[in-house]
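The structure appears below as structure tokens.
Per-chain numbering from 1; labels A, B, C and D assigned in written order.
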């Protein structure tokens, strides 16, 4: 089958290759992939900037977002049948460590994560442990289901901050995660959502505006602290989400928050400089986390099914597996938000 | 000045009377009332069914919702001027007890509550302690501001249950509080809000439907447990709010909840029968509370100002003070949701 | 092997019988039982007062507390070996329903619970799914490990109420669960723990006193509301735990709480009468729940291992399996707190 | 009267001076001071390293911890009488801003804080707004009451992290705040509390040990990450409190935490470098805050009154006001934990 692989240890060694079609084990499902999205983590793996719990094995089929149709089920799998359209989680814990036992497989030190520690979704077929597989709700499209993983991260944010209608929000980084957060906070009744980005994000700002962002802050044009003050009657925002790709954003996140604000950090930077006095004087609470849990995935399915978010609006480019290089290149253009492979 | 009073200890002794215009103390504000809403508590006071922390003094000017214009300020009052349109909280704590000190004046055993322990809002003028008074935001109308007190109760509910988009809700009792909750949960992104009421609530059901309720349950027509199951794919609702006027609703609230649901009780019944085994098997959390805190009032102002709720849609009848009897009578018709006095 | 069974549908039909030694399935472990405690639920099953999610199958080996030594492991079991002393959880979810998927097997409508829906621990051998089995920490005794299940319920309570040092507590019902709660709250720094019970609980009061209870309330001697007021400077207690066996205790729980108190209900009564006005005026939060999750079990192991509770102090009588009738009878005497079988 | 003042803008300009005895306003209380403790903030004010919301006025009577006897009450003060031993909060909000209205005077941008924005406690008399004054409970000593302010900060920490018995804790910085936290977490049932400090803290380590610390980490002798791993079976600690005086400690705090740990930051550093990837991979929640609220003060009184902490054990040196210079100097010796003035 055709698959997009990181072929060597070298940064950027992207290939589209013929690899053997994998065999599902007794408790696995073989999925005929139909759609798969590229995430910034894929880029950081390709460019060797990803800092993982274990080294990324080489060669690896990339990708950890996606959906497809059950092609084959392992001998012990119950309740799933060939032909069923499915979405799936991509993370398994070891099942034995304390964090796994108490329900936090995302904290497992010995996790398996498709596209990161084992083969992923940018291929014609993918093997997925059966307990990670969820039949798609009636009426959901494959490209929508391919968003469930990143959308689940957004659910996780809302579980942490539990917004009330009328609260104000700033999102740093108008990329894919940023736009999903924008939609989610609007659904939750935020009265003001600001999106903060760079000059090269102009096209993304247009999308943000069309999705309902109340305030756009281009960092090369305006002082963000000043801009957010104006947009909030001097208060700062109740909630800040950092989904930029720059450690400067970590510090800025604290600067934009209102008294007793809540800050969510996504950027996995090795280092960032913050101002504790700013954070303390404001009485901030900061949450950092990685990956998702089943409850987030189920809620994300519910959000798409009930129209709380419209993920298709984020798709700016669609490619075939063969066009891997073009697909990854397109991410570097400020015009792209989400890039999806049709498989 | 003209005022609506409960004149004697007898149930129902409603009068419109001439009483002396009150004098503000040094830290009080005299408000020229412009609008005031009737709440079910007023009815229960009038009919002697209200169970208070202290006896209701007689005679008393009734009413605890309302807004107006500053007429006069006491000698020590700063920052408020005659002519300013104002909304106001109606509850003061003793300021000395533990609950007052730690910020929960609603738990003060020695509280003063306008319309309940001292004179209220159904009059041409009302005296209000200055620290309870909030200038109305630009563009807010007096009839809207008159809803801030009950709307604050709705804020309180959302602070307890912290809904996520996509959660499901049942509201028992399609009265004024019920309709405010309906709007608030829709703003917060609830994917299904059911409103449960009686045969005589048919007109109220129409309003609920027009406000966006997804499911209407008329208790004389359908088994509510069955109806809610159907509306939620068998799960029950994540959140139940009991704003009916019947102790039967307390038990029903538990019956409608999903596993790990959250239940908010409003009805101040002396007794109700519940099923602990139902509650425990579902792992429910139940909150009961009374009255409001400043944080709820400020958020309620924010909700009206940012359009999160449209309280005017609830006003079914408007009366003059002179028409007190008609106003209270109209509440007994199922057609009425909120009755407001224009003063 | 010898086992204690409920032999027929009749209330009280207790037998000690010879039954075939069970065979572990490929993912099961066969445990040679060493100790097992009787819980009130066992009594209610025996007396046909237990209200389950599914009917109790007859005949059934009773018991859901216990510990032992691995005798044999199924073909697919990894990481467990014959000869290892083990404790175990007794509840499995279906693994497929929403509540199971999001980590709440205790909410599974199709659960299996040893001693309730399938064979239990009052036998020489018991079959336990391998993922429920936890090797006992160094130095823990079997009779201690036999307390892990009820102690986990106590952990669950503390997770709900999250006591601060200096808070006050009332425990209704000086039985096994009550005494475990007493120890746990003392460990957490409660400044006053009251234990409330009946005249026939005199011996239990002595134990409570020796464990450190600050206040004992014998309901036939004193008005409990008055007694708790005296013990708390008029406030009521911050936390109430209802572990009595009487629906009257549900209402009393609300009466003893302080403003903004937290109430935990254990009693699975079909009906109880409460006073909503009392609950609301105090702004109470009430939690009901059943059974336990892995996180509770692991914390309970930690509590015994680190000496936070001393469960052995609760053992008032020890019996052999053959003495089943005496063991159950002894529970009816007020002198018994916890009854354990040595196997 | 005699008072310790920062006399000029220069760093270190400490004087003991004769100043006029202050007059209480109509809502104030004049307190005859009996005891007052020095806090690290006093040092940072003296050395011009304090970064305040407003500039520190010069000259200023220093000190913000203390207790004494009511000498005189203002005309409008009720419920307080000359001769009453009192403790007091030292922070007033403006009373008008949003944060003040909703109960968070510590977030007020226009606060008054004794010893920081107005005259403080290192004097024979101090003027205190009546609503901040709390009569001391029977049996409490003045030197104990002088600890209520810093102890309240410890209460605030426990309110954020809500420890369960059996959790593990690391405290960075074995100073006054560190020792109060040590005692509080032991009272709350922590199973392992580690205290981390420098070579010059050797004497402080001895005190920590005698108070019950399970593990002492001298940073010049051991790798703290390694030491904490050993003390926690490889997990890291559930809770980290940073009460050191060095921005390096901010980063270290994250390094010591276990998966899903909670971190409390006290150090008001202008800058610190952290590792977001560490924080995120562990799923940490971090809280920063300043100053205290009435609820913390009342709970601190309760902790001293019920023996949850023994603050007197922290007093290493006692001085008279005249010995101000010696008192401040002694803080620089690693032998000192808490320095108190007897007045």
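Quick notes on this one:
Methods note: a residue touches a chain if its C-beta (ideal position, glycine included) is under 8 Å from a C-beta of that chain, and two chains touch if they have at least 3 such contacts.
The model shown is predicted, which means the values in this text are computed figures rather than measured ones.
By residue number, more than half of the contact pairs of A-C reappear in one of the listed pairs B-C, A-D or B-D, namely B-D. Chain A and chain B, compared by their mean Cα positions, are separated by 41 Å. For chain D, the set of residues touching two or more other chains reads 98.
Taken as a contact graph, with one node per protein chain and an edge wherever two chains touch, the assembly is complete, since every chain touches every other chain.
The residues of chain B lying in touch with chain D in their complex are 79, 95-96, 98, 101-103, 131, 293-295, 298. Residues 51, 53, 98-99, 104, 106-107, 235, 247, 250, 259-260, 265-277, 279-290 of chain C touch chain B in their complex.
In the complex of the two chains, the chain B residues touching chain A come out as 155, 158-159, 162, 164-166, 184, 187-189, 191, 299, 302-303, 306, 308.
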